[in-house]
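Next, two complexes with chain A in common: one pairs it with chain B, the other with chain C.
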Partner chain A sequence: MNSSQWGPSALGLGTAVATAAVLEALIRGGAINAYIVPLPSQVVLAFERVLVEENVVHRFLLTTAETLVAGALITVVGIGLGVLLHRFRLIRAACETWVAAFASAPVVLMYPLFLVIFGRSATTIVMMGFVAALPPVILKTLEGLAGTRPVLIDVGRSFSVTRSQMFWKIMLPAALPTVFVGLRLGLIFAMINIVGVEFLINFGGLGQLINELAERYDLPGTYAAIGFVVLVSVLFFYVTERIERWLRPA
Partner chain B sequence: MNGEPDRAGKAAGIEPFVSVEHIVKRFTTADGSLVAVDDVSFSVARGEFVSLIGPSGCGKSTLFNIIGGLLADYDGAIRVGGEAIRGTHGEIGMVFQEESTFPWRNVLENVAFPLEIAGVPKGERHERARHFIDLVGLGGFERRQPSELSGGMRQRVAIARTLAAAPQILLMDEPFAALDEQTRLLLGDKVLQIQQTLRQTTLLITHNITEAVQLSDRIIVMTYRPGRVKRIVDIDLPRPRTSAVVSSTAFGRHVAEIWNDLREEASRGMRDDERQLRGGAER
Partner chain C sequence: MAASRMRRASVAIVRAAIIAALLAGWEALARSGLLFRDVVPTLGAIARAVATLVSQPVFYVNLGWTLGEVALALVVGGIAGLLVGLLLGGNRFIGRAFEPYLYYLGPTPKIIFFPVMIMWFGVGPASKMALGALSCFFPIALSTAAGMRQIDGVLIRVGQSFRASTAQMVTKIYLPAMREPIVNGVRLGLGVAVIGTLLAETKLSNRGIGYLIIQAYSTFDMPRMYATLVVLFALAIGANALVSRFSTDHRRR
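Right after this comes the complex of A and B.
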């Protein structure tokens, strides 16, 4: 272990601590209103309260599980649709622009419709996350497959591979890094929408907790709860990176 | 073969193993039809190393793709052992000019790829892959990823991968074009060594005269567009050879002779390019 390995994380942590310290000083000095922005030290103290009194671990697991289910759905459906669009030129020509347009639509506003269909339940939350996160996975899968270097396909042809070998042994592995960019984006979209819908329909995991704490005007608690949302995001980032390295070492 | 003593006689008493017969390839372009390859015929004997040399635009790569079976839609025939073939064929192993190793597979898995496709069990295919990795001088690098290797090493992985499929004919398209001259000469040594060991029938496509003379038994010189066979030169340098052969006078004489043939073709190509550019500017 040398300093160059610790450097980046030390700089990151240092910056966070320094920012908090400056904020703390500005609030204590009266430059920022303490009723609008809570003291960082209070936010840190609130973590304990949120853990003990608000059953945050349970909510964290709930939001994580919802994101996981949505993530599994976008992986299967998103990659599947991406492959379909790549395989059939007509479908691609017909749909690609629509999918891209859908990617930038504020899908979260469709939650009343989903409430009607699935009720005030975890299903609504998961489906919202799934639908919002689907376009980047489809588009990146398509991009990855279309971007397979022609010479690799020629290598496959020169060894007379079958159609399915061409897909599983050449095109999919070649596309994998791009597919994973889509999956990572998709998981972020899914989590944002899941927490957002939890907040909006006041149901389930961390989003509901944030809603409750904000209603009580417990700002340090709210920020502490948001900290756990960040933790979910970090967890998924770490896991996807591990899976990618396991699937495609390079 | 048996019934055609005159043709066998033409190839200096050696029977042809691969015959390329009257290949014509036309491409349709915006300005009409372009003949890339015009009635090209030659043959390669079993165990022979033949190079096909010509300036850019002589249809070398087109011929590579036709012989390898990647390009259909041509006139003429390719025969291996007397049998006409169309499409990709297990008898012909291709090595590409471009970097073509699979970046997600380590050296061993890259070389074992064709065996995996053929359904050879894991233990056996790894053993056979190791043999070819040793042959190209990459023993000890089996677990490395292509990204950790130099360009020359990656190209050797690609050659080992093609050899692992045990093709009757090794077909290479400027495999060392992207490498520097020193690496190229040293890799030439490696190819000579492999040739010595395997007696591999090889057709090398190149624009590099020294490379062609260093490696070949015969060199087929192509004309600039449309690509025709201009001349076939026998290289009588003794074997076994190494890259040291480049300092011999016989080597120099061959290089000069081939350059003499090629100069005319290359300058025709250059004039053609300039004319096209001028024409484009006037329009």
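Right after this comes the complex of A and C.
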């Protein structure tokens, strides 16, 4: 990191610390009610308590496992449907706008429906993440396959490759970078929806942690748990970004 | 010409066939008795429930609450996002200092902030609105900042050579040049504001569409729940299409 990048980072971090300090002073001074906004120092201390007492490792692993299962499902079903739509032009012309419309619908609002069908269980949570994250994977797979450079296809033709060779050796490798973009989007959608549904139905991993602490009216604990979940999702976002960059050397 | 008309006709036929197959499959599943009764209601039952729903004033009262909450959320979150986006995009130093925070906080699940919103704004519509505003702030701020940075430098120099004031620069140069990224940000923001507001309504409230959905769930009135979801999806998809049209319409003319 060179010196021109130091200034902005220091300002950003400094502002965050200063905000916490001002809040601390305002709450201690009584300008902000401590029963609504707990002291930042208490929240920091509560981190340890939440981590030790609330089974956080287990919850983290549970949410991660749910996200990974949903991720495996969107990989298989999403890429499969994308390939199918690409292969049959007529179906694509008929359905692509539907998929796009579905992507813009508030799918997660169907969670009570999933509760009825799958019960209050991990299946509901995984299925909700899967359904909400499916459209970007389909659309990006389609985009990647449709964007194969004509030169590559011509090369394949001049080697007179078979249809399946054309797909496996040329189209799919050329589409992969775009497919990865879709998969990463899908994984992020899945994670957001999984944590959200866990919170809403009060079942399972990290989302439930927040709900429980809020219902106990453990204020510093609630704030710390929210901070923890935000950290986890930022980390998740960062790691998938890194993996995506590593997978597409451009 | 004839070929394209043929193609359009066959697309329409394929669409009709897919819809017919889905509906037939649904009806068969509903009548098969494989699932618990009412988990998949018959199409007739859902259609009747839709008709009942849209003919009752209670639906419009709750729709009004939800629309009001979403609209206020979009105004508050949108204006805050626009201002922050202009600031971050306009100043390289400030942008580098704070944009990473927005970029990484953007894709976190916002609904987990709902307990905090309840403590700050109470259990009424204000906390739902706050959650919607928080949700739509991030995409709008980020796309405004990105849009600001991709403005053609020539336009900015033209404005400067006319000695435009800051207000004039914003209204005459920046905003028109950023129409597309801003509309796109608002479209994304609208989507997440709707989700944030409605999810909050399902968690804790006594009015709004989210409340209607969760009420139908807790009384196990499945046709009514399907009907509410169908109407909600139609409204959400329609609103999204309307906003997208807004971003491209001018160009075509």
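Convention: the second predicted complex is superposed on the first by the 177 of 250 C-alpha atoms of A that agree within 3 Å, B and C clash if a C-alpha of one lies under 4 Å from a C-alpha of the other, contacts with A are read in each partner's own complex, and residues count from 1 in each chain.
Just so it is clear, contacts are C-beta pairs under 8 Å (C-beta built on N, C-alpha and C of every residue); 3 or more make two chains touch, one makes a residue touch a chain.
All figures in this text were calculated on a predicted structure; none of them were measured in a lab.
Asks: Looking only at chain A, is it chain B or chain C that touches more of its residues?
Replies: Chain A has more residues touched by C than by the other partner.
Asks: For A:L183, is the partner it touches chain B (first), chain C (second), both, or none of the two (neither)?
Replies: After superposing on A, A:L183 lies clear of both chain B and chain C.
Asks: Regarding the shared-chain residue A:A101, is it in contact with chain B (first), chain C (second), both, or neither?
Replies: Touch partner of A:A101: chain C, not chain B.
Asks: State whether A:A70 touches chain B only (first), chain C only (second), both chains, or neither.
Replies: After superposition on chain A, A:A70 lies in contact with neither partner.
Asks: Going by the contact rule set out at the top, does A:A93 touch chain B (first), chain C (second), both, or neither?
Replies: second
Asks: Which chain A residues come up in both lists, the one for chain B and the one for chain C?
Replies: none
Asks: Quick check on the complex: what are the chain C residues that touch chain A?
Replies: Listed in rising order, the residues of chain C that touch chain A are 7, 10-11, 14-15, 18, 35, 39, 93-98, 100-101, 104-105, 107-109, 111-116, 118-120, 191, 194-195, 198-199, 202-203, 210, 213-214, 216-217, 220, 222, 225-226, 229, 232-233, 236-237, 240-241.
Asks: Per the contact definition, I'd like the list of chain A residues that touch chain B in the complex.
Replies: So the residues of chain A touching chain B come out as 149, 151-152, 154-155, 157-161, 165, 169-170, 173-174, 176, 248-250.
Asks: Quick one: in the complex, what on chain A touches chain C?
Replies: 5, 7-9, 11-12, 15-16, 36-37, 90-91, 93-95, 101, 104-106, 108-113, 115-117, 188, 191-193, 195-196, 199-200, 207, 210-211, 214, 219, 222-223, 226, 229-230, 233-234, 237-238
Asks: For the complex, give me every residue of chain B touching chain A.
Replies: Its residues touching chain A are 68-70, 88-90, 92-94, 96, 98-100, 102-104, 106, 113-114, 116-117, 145-147, 162, 165.
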